[in-house]
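Look at the two complexes coming up: subunit A is in both, with subunit B in one and subunit C in the other.
Right after this comes the complex of A and B.
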């Protein structure tokens, strides 16, 4: 029990931080304004981060105790993503400093909900049970609905919150229906049990329907193309710092949960015996997502909308990572995924998105929240530091050296190329072409900042705390681009834990069903 | 006997659920929903989940529906909305989808899937009783239970923030 609680301690610390910050709203007016909520949140989250690090350094691989077993998995993968999420949310809290007044946010609830959303994200990543998975996703979503609509007196913020709520509700309903069907067919709510049943048995239409509904539900949440419509509107209307959280941390958490469903819950197995294979479906959706995301991003005049579509394009690249699914029966499961390129990509993209929205949140809103490119004109002369940071974030998102984004995309595409298979070469080609295409819209804001004159309508916000957070983000992006080895190794360990730990399930599964990659295991060695 | 009860209750639930989304008048929709929820409570009773059935009636069929009706009356929806005129194709599209789904499911059921065979299990006398459910909640299901309490807290505080007095006053 005590070791159980220690493994849950990061989560408990974050929850306590969130609730404590909410309670500061009860203090008398004068005391309330004296409490530095951004720093309070950061301190609480760094305590959580400390525990995560000591769990990682200790016996991170030890199985969870009886109390937690079957509900959550605290393995290297969980700890890696927890660390990423804690750092991201901490930096969001810090760069929100001084913004809540300007953007008319409800202060105590804003910081409290940042932490509570983080509880949802962390639980989502750790969930080893479909029930916990759904509850965590709902905790996360409900916190986000409130955060998105928290801009007082702004009808656009309210519109974004309503759209987010309706789409999120639909996605949750689809997901829940899928989970129920999976449960009904397999008789287990635990991911490990689900994985064993799926890997062992033959497919059935109900499993297929359930699995597809789950994937569609997740598709809604991460913004896969046919289900992406809500994302740009939410980006446009929500407070900019919240958008940073959504595309810098929430995207990471939801995608990590999807990875766990695929690699631990063996969700690809529901496609067994179906007319089109899992690989076909992923390739189709990935190509569609990255292409539509990139093409739509080119037409946007609003930077936040543009970054929303850019984020969708990145989801497309990330989806190709789902092809690195272990070749079943090869005795060497998850070899390609275990290289950790997908996790590295998630971290790099998350950091760049955080930095971009962190800088944008500093710009004057000009009354009606216009996020147009015009607002950026001449920024390099007014605030050279901010202009440089935004430029760095965009360059990293575009995947140019010497940033983390370059290494991340290189590593991911390299894995796909090594995986071989003619269909994948085409996929890699499309991804590279899309990357080149995206340079156009990533460099447009940079051009506006550096080559055009503009007085700007208001004054950029200035806060030492926020500047500190932004500089930390920029330093992380540069360091990960120049010296990626350290994090790449951590990502590798984490990915290995996710795949090899569940190797027994895979080995017992008999003949390989994911035909395209069936012969890869031997070649890779 | 059991089958008859199941069919009657299932029919009642499905028909009232469909009526819930078909009525123009929201009050009628709410009352159809009551019937649907009561039908479900009946299904719970046939499954020996007595506590769940009681909760279903107390919480959903009573409290939630009262809330619905109060909100509907407070907001005063127009009974004949103009918005529904230009979406005439929607019922046809919906009907098509329903037909396809029914066809697909019939096919699946006719094919006799392995997972769809009926199984019977013996249950203890105290199955579904308040004491058993309570024990399960604070022992085996403690973690999800705590998570739900956090979720409800978040939902409550979030709703309170957004409907706070003066929140919607447009600021310059």
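Right after this comes the complex of A and C.
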């Protein structure tokens, strides 16, 4: 019981931070403005980060106690993603410093909901049970609805929040109904148990309907193409720092949860009852997502909206990583841990998105084209530092060296080619072509910043705290680009705990399950 | 007696509720009606939960139904607040008229 609580301590610390920060709104006016909420949040989250690190250093693989077992999984994967999310949200809190007044936000509510959204994200990653997963998604979503609509007096913010809410509510309801069907047909909601039942392949049609509904609901949240429509609106209308959180942290958390669903849960098994194979479905959706994202991004005049479509394209690249699961029946267990490169990609993309929106949040607001490309004109003269940082973020997103984005995409595509399947080589070709295509729209803002003149319509915000956070982000991106080895190893260690457990051929043959561990270990050294 | 009604009747009813709600979300353009449709979808899921709980003899379903009820209330509260915020700006409840975002 007590060790259970210690394992949940990061979550508890973040929740307490969020509630404490919310309560500062009760203080009298003068005392309230004296509290540095950005730093307070950062301190609370770093306490959580400290516990995560000590759990990792201690015994990351120790299973949770009886009290929590079957509800949450706190393994290396969870801890790795928790660490990433804590750092991301901390940096968002820091670079929001000084923005509240400009954007007309209520300070206590803003920072409070940042932490509460983080609680939802962390629960989401740790969920071992579909009910926990659903509640976590809702904790996250409801906090985000509030954050997106928090800019008072802005019709765009309110409109974005309402559209987000309607889309998100529909997705949640689909997911819930699917979950109910799964529970009703199997009597369990634990990912592991569901995976085993679905892999049996003899379920009723309702079971597969349930699985499909869960996947569709999740597709909405991840931003997979037919269900991506809410993302651009949210990016355009929400306060820019909140957008940073959405595409720098929430995207990471949701995709990590999808990874867990794939590896420990049920995703490939749902396709056992369908006319097309899991691999075909993933290839189709991945290609569709990356292509539509890239094509739509090309003709956007609003940088925030453009980055929304760019984020969708990145989801497409990431989806190809789901192919690294061995297909049912054909054991290629050596590749079971390959999601290490997916994790690295998630981190790299998240950092670059955070940096991009952090810089954009420094630009003067007002008017209706808040994120308009023209506003960037001449930024390199007015604020060379900001222009350089935004350029760095875009270059990393486009996947050029020497940034983290380059290594991330290289590693992911290399692992795909190692699989050596002809269909996959075509897929890699499409991904590379898409990457080249994306250079066009990533470099357009850079051109505007460096090659065009413009006076700008106001003064860029300036805050030492925010500058600190932005420089930290830029340093991380460069370090991960130049020396990716250490994080790549951490990611590999973390994702090794997400082993693929339910394929019948792996379960039936005992020694075959252990062999790949030895194999992989030898390769690492 | 409840035991004499087969499970699939309940499931059919819950599916009808859910489908009605989904149709409402997709077809209606009034935000308040869409909000009600969303609640209808959650209600459908709840009915299925209760029916399964009864027929499986497993109380976990009823516990989950409580979670869903609480959640629907929280979501509804946030949703209504957003509707009010939007109404202040646009003076209308029809979602087609909310067009400041180029989408």
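The definition used in the following text is that the second predicted complex is superposed on the first by the 477 of 525 C-alpha atoms of A that agree within 3 Å, B and C clash if a C-alpha of one lies under 4 Å from a C-alpha of the other, contacts with A are read in each partner's own complex, and residues count from 1 in each chain.
Note that in this section a residue touches a chain if its C-beta (ideal position, glycine included) is under 8 Å from a C-beta of that chain, and two chains touch if they have at least 3 such contacts.
Predicted model, so just to flag it, every value in this text is computed and none were measured.
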Contacts of A:443 with subunit B and subunit C, given as first, second, both or neither: neither
First, second, both or neither for A:9, with subunit B first and subunit C second: neither
Which of subunit B and subunit C A:131 touches, first, second, both or neither: both
First, second, both or neither for A:35, with subunit B first and subunit C second: neither
First, second, both or neither for A:161, with subunit B first and subunit C second: both
Partner chain(s) touched by A:177 [first = subunit B, second = subunit C, both, neither]: second
Which of subunit B and subunit C A:68 touches, first, second, both or neither: first
Touching partner for A:169 - first (subunit B), second (subunit C), both, neither: second
Partner chain in contact with A:237 - subunit B first, subunit C second, else both or neither: second
On subunit A, the residue positions that both subunit B and subunit C contact, one per complex: 131, 135, 138, 142, 145-146, 149, 155, 158, 161, 184, 206
Residue numbers on subunit A that touch subunit C, as the complex places them: 131, 135, 138, 142, 145-146, 149, 155-156, 158-163, 165-166, 169-170, 172-174, 176-177, 180-181, 183-184, 187, 206, 229, 232-233, 236-237, 302, 305, 368
Footprint of subunit B on subunit A - complex, ascending: 15, 22, 67-68, 71-72, 104, 106, 109, 112-113, 116, 119, 123, 129, 131-132, 135-136, 138-139, 142-143, 145-146, 149-150, 152-155, 158, 161, 184-185, 204-207, 367
For the subunit C and subunit A complex, residues of the former touching the latter: 11, 18, 21-22, 25, 31, 34, 38, 41-42, 44-45, 48-49, 51-52, 56, 58, 60-61, 64, 67-68, 71, 74-75, 78-79, 82-83, 85-86, 88-90, 95, 98, 100-103
Contact footprint of subunit A on subunit B as seen in their complex: 104, 108, 113-116, 142-144, 147-148, 150-151, 154-155, 157-159, 161-162, 164, 167-172
